[in-house]
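For reference, chains read A, B, C and D in written order, and residue numbers begin at 1 within each chain.
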Amino acid sequence: MPDAAVATDASATARPRVAVFGAGGYAGALCARLIDRHPTFELGAVTARSDVGRMLDDVYPHHRVNRPLEELDLDRHAGVEAAIVAYPHGAAAELVAALRERGVRVIDLSADFRLRDAAVYGEWYRDHPAPELIDGAVYGLPELYRERLAGADLVANPGCFPTAAILGLAPLARAGLVADIVVDAKTGVSGAGRGASDKTHFVTVDENMNPYSVPRHRHTPEIEQELAALGARRPITFTAHLVPLDQGELLSCYVTTSEPLAERDARALYAEAYGEEPFVEVVERPPGVKDVRETNMCRLSVHCDARTGRVLVFAAIDNLWKGTASQAIQNLNLMFGRPEGEGIEPR
Amino acid sequence: MPDAAVATDASATARPRVAVFGAGGYAGALCARLIDRHPTFELGAVTARSDVGRMLDDVYPHHRVNRPLEELDLDRHAGVEAAIVAYPHGAAAELVAALRERGVRVIDLSADFRLRDAAVYGEWYRDHPAPELIDGAVYGLPELYRERLAGADLVANPGCFPTAAILGLAPLARAGLVADIVVDAKTGVSGAGRGASDKTHFVTVDENMNPYSVPRHRHTPEIEQELAALGARRPITFTAHLVPLDQGELLSCYVTTSEPLAERDARALYAEAYGEEPFVEVVERPPGVKDVRETNMCRLSVHCDARTGRVLVFAAIDNLWKGTASQAIQNLNLMFGRPEGEGIEPR
Amino acid sequence: MPDAAVATDASATARPRVAVFGAGGYAGALCARLIDRHPTFELGAVTARSDVGRMLDDVYPHHRVNRPLEELDLDRHAGVEAAIVAYPHGAAAELVAALRERGVRVIDLSADFRLRDAAVYGEWYRDHPAPELIDGAVYGLPELYRERLAGADLVANPGCFPTAAILGLAPLARAGLVADIVVDAKTGVSGAGRGASDKTHFVTVDENMNPYSVPRHRHTPEIEQELAALGARRPITFTAHLVPLDQGELLSCYVTTSEPLAERDARALYAEAYGEEPFVEVVERPPGVKDVRETNMCRLSVHCDARTGRVLVFAAIDNLWKGTASQAIQNLNLMFGRPEGEGIEPR
Amino acid sequence: MPDAAVATDASATARPRVAVFGAGGYAGALCARLIDRHPTFELGAVTARSDVGRMLDDVYPHHRVNRPLEELDLDRHAGVEAAIVAYPHGAAAELVAALRERGVRVIDLSADFRLRDAAVYGEWYRDHPAPELIDGAVYGLPELYRERLAGADLVANPGCFPTAAILGLAPLARAGLVADIVVDAKTGVSGAGRGASDKTHFVTVDENMNPYSVPRHRHTPEIEQELAALGARRPITFTAHLVPLDQGELLSCYVTTSEPLAERDARALYAEAYGEEPFVEVVERPPGVKDVRETNMCRLSVHCDARTGRVLVFAAIDNLWKGTASQAIQNLNLMFGRPEGEGIEPR
């Protein structure tokens, strides 16, 4: 019962205050809830660009966070030790820079500091608004960068698809076995954000499914960057599909290996890679997204197709939890030397 | 290809041209499709306020109507004999008035000409924009007003809830058996229209259900008016709920009768009322909305609760079909002396 | 942070072992999970009638309870201090009797001990299998019977619809204001249980909704019994509907009052009744079931329809949580003198 | 009432009677409906193995086919000219053989006569029950075998996934451009059939998605056979996923080409292949399954990923319509020399 022990300790000392900027969106609001219930951290300000003045409880009753959404005002929010920035790509960098100047430690949920090469960012997004901060940012995937995250002041929280894709493919990449990769991703609608449009209208999505951002989804270079760092330097084919459910993301990864790989050996590779990981489950049958709903878990299965020699990896996460908000808390725990799973253990 | 053959025959004589004004919304777009495939009518202009210039096919691929959405321009659309107006309440009346001045026969999908008393309209909506037209309007529920619809030049197409409620309660009202009525209505999300908002966002609606417009839903006076005309002059309790499905509407009607009524007698009443009606089905087990999806059918069941003496009536329709668009075509058929079910028979 | 303190205390002393009999179904499995994570209780045996030998984890991956489903064998399960019985109506009573004989404290999720009058049970279910135990059973609605639950050895966990209906109507019943009641209930599919049939097949339920068990739903006498105990002795009209979602239940209650009641006064009545209740929320706008998903909360709103004088009460719960499993834990906490919300607080 | 007019003409000459054997399942029931409304054919017997004696109307209210489900009795059903056999794989062959002996023309919905090589059938299913009939069977994909279908007495109706996959990949296969293929298929739950089980229970499927039959889905050899016939002789990687919707199937095909292919050229290839096809739509943006719901349409889009050189093809069909039942009617029309789209045109 780690929470119990920690809670006792924490209440003796001062609890670090953590703000959430951009709590009007799905990811930010969930971060606010997870911090509000966290045994160690205290929820500092919660801000939003629309809905200012409403209670977070009123916008998201199920989160039960009884706090007003405020307008951003860095002077007023000065006392926070850390902040989670849940702003859109491009808009986040400026706020991150201002926060870093004031010494606030930051977890940025946007893509702004995920790509280490500003030129690549420029190619997929726009001119980078704060390239000088890139080098200091740590990519917030604890399973790869646990040690560096411990001391980080700026964490780039991974995209939801890259989280699942990299966890799903890392063991093969690290073993030098990757010759070619196709990733077919399917996501629930919360992944499209709270913005109301034809695309997110219930009537459009219900009983429907369709590919989107074809053939250049912005999560592609992020996956490529991390797989390259592990030794698999190849462009990948990545396609995302919208399916009629709320939270949940399933990635089907089709890997052509550089040499034949038996299913038993593939599974051993994954067992070894993730045997000690608290938030990665390697299972025998393909996972469903319901298995990981509202958890910080990534659930994986590995299969070999004897006829084609291809390796199939299926990875399921909750896009709002391990794909975004609970992974941010996992990173926050690491940054502050707390037990990694504090406040985000399955319940 | 029977449709083709028929179409050729029909075009030998002149086919009446029917425009749809406001075809960007769900109801208008479906009207356009039903007219486009109709053996007798020809689709005149289709207009929209947004999406002008796009093909209707592009906005609603599943309707397969290969026509551009035009801006409203009555001079340009002069040649149409009839028009379906799918404008919001309040905005419709003005266009209806302009069309009537030009001699165009109109089916208005809005509430603007449904209430015969401008004061009641004023109480539930706003000051009536064209009260002088009210008297000439026929309430477009064929099962009640079939004969008057034959010669009508202005038809007020009923609201979706009133359609189901009035069909469900008319036999009891006409028999003088109604002492008190509670109607609990449940609707799919297309009933909320195409407007994108928090309320219609997939993430809000999915795995959710909730009452809305409590306790004054605007369909209430419309139901009361028609039941009063049949002899049941009492205020009713009407509540609507949003449920996570696309098309479909289920009304559960709880009737306190003025005198005891056996289930057998209740069923006989309904069998007699609807035995000859082509689009009303009286069944033994409570209907589901899937039974009537994409049809012009209203499916009813009647039950008596021996313990309380209450009569329960369940009525299922497709809110976009019998609740709006296919009922408009049913009215159009009547107005033009066509077989009532032409183009809207179950298939 | 009550959980923290409690956990520390509990681990010092012996933790009471609680078995779940019938953990193959939705409700039993959730009970097993809530006990498995509970800071005070320890999960004893989990049994099932089918799926014996499978891990609970394998049947319900998202519960993450790593325990085998065993066959029932009271001798082997002797060491448990309490048991949750999740058997079907009729089948439960025998097991409950056997457990009580061995001194095991029982929470029974079935209807077998909810009705205090064996004749009423006989009328709605069958001959009562263990009428001698009825008198000793306490109806497990903490908001009504908190004190008696503290010492109870046999708790009849309420039905899901009665939980919401009684909480929704108790303040009016207690105030002597009820003249007549119609309850229109809507439930997600988990309420129909895990049994696979045409009725629970995805294709049947999806995009559908329909009334069921009309006009004699078995939860009716349970609601009537408890409202009568509060002073409202009248038969009620109760109808249930199946809607296409997983977990969640919404009750729309239409109350004819015995004397006029202003909305302000109605709300005051509810505020007073539930102001101190940890698991009842009285809110202004009608609740949605998503507001309470996976929580022990009942969320209520009260409205008056000035036109008809009727009072409308909407009550939302999660049928598997407050409607069944988490309410069982709430009762278990009370039986063992633990804080009422231990292990079931919103998170 | 064009259908009526046509029907009258047709009945002047004798209308061929067509039986549906196995009308208790989703596909068979829909075939019965399409034949019942068809202007040329007359619905002969409808049989089922369970539900015998019930009206088809009662089992499937929305199909509105007022016919009893009978037990199979070939002597009694002797007068039919053709039959659609909707039996499970393996069970169909025997009935097909008996029907052919009596001279009844057959469309078989099972896999029993799709594979031309009995050994391949044996490898993926079981020993073939009637190998002597294989040679006489025509694979019922009109876009490939239109001419041969005209005179066919035994048509093997394609699997739903092969229908979409082959239509999606044929132009590339025929052009000799295929080096490697990955097909990621997503299907609604009706594809799993009417059998009630944990897998098709609403609670299992709702808010979930997961791969199944990994890595050996039985539709694989069927796709390979037809692509090989067009020139692409390679094993393919095929994976199916269950998603939470009723009807609809989306295939995402990832093709490594044998030589570089520009998007413009790829699109020209498809435009040429399908320009005259009445039931294949080539569109620019990726299709959604709602675009083709309850139609006989296959909707395709083709894209090139400049970074990887891969060609992406997306294909959407309704698994019960073009994927099964309406395609069977399309084949029936061809067999009897009727216009190919009779009775299955979009409406």
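Rule of thumb we're sticking to: contacts are C-beta pairs under 8 Å (C-beta built on N, C-alpha and C of every residue); 3 or more make two chains touch, one makes a residue touch a chain.
Since the model is a prediction, treat every value here as computed from it, not as a measurement.
J.: Count the C-beta contact pairs for C-D and for A-D, then tell me which is higher.
T.: If we tally the C-beta pairs in contact for C-D and A-D, the bigger total goes to A-D.
J.: What chain is the most remote from subunit C, judged by the mean position of CA atoms in each chain?
T.: The most distant chain relative to subunit C turns out to be D.
J.: Based only on mean CA positions, could you tell me how far subunit C sits from subunit D in angstrom?
T.: 46
J.: Taking the mean of the C-alpha atoms as each chain's centre, how many Å separate subunit A from subunit C?
T.: Here subunit A and subunit C have centroids separated by 36 Å.
J.: For subunit A and subunit D, what's the span in angstrom between their mean Cα positions?
T.: 40
J.: Could you check subunit B for residues that touch two or more other chains and list them?
T.: Those would be 204, 206-207, 244-246, 287-288, 290, 293.
J.: Under the touch definition given earlier, write down the residues of subunit A that touch subunit B in their complex.
T.: It comes out as residues 26, 189-190, 194, 196-198, 200-207, 244-246.
J.: Along subunit B, where are the residues that touch subunit D in the complex?
T.: 1-3, 5-7, 37, 39, 61-62, 64, 206-207, 283, 287-288, 290-295, 299, 339, 341-342, 345-347
J.: With touch defined as at the start, can you tell me which subunit D residues reach subunit A in the complex?
T.: These residues of subunit D touch subunit A: 180, 182, 184, 186, 188, 204, 206-212, 214-216, 220, 235-237, 239, 241, 243-248, 250, 252, 254, 256, 286-290, 293, 303-308, 310, 312, 314, 316.
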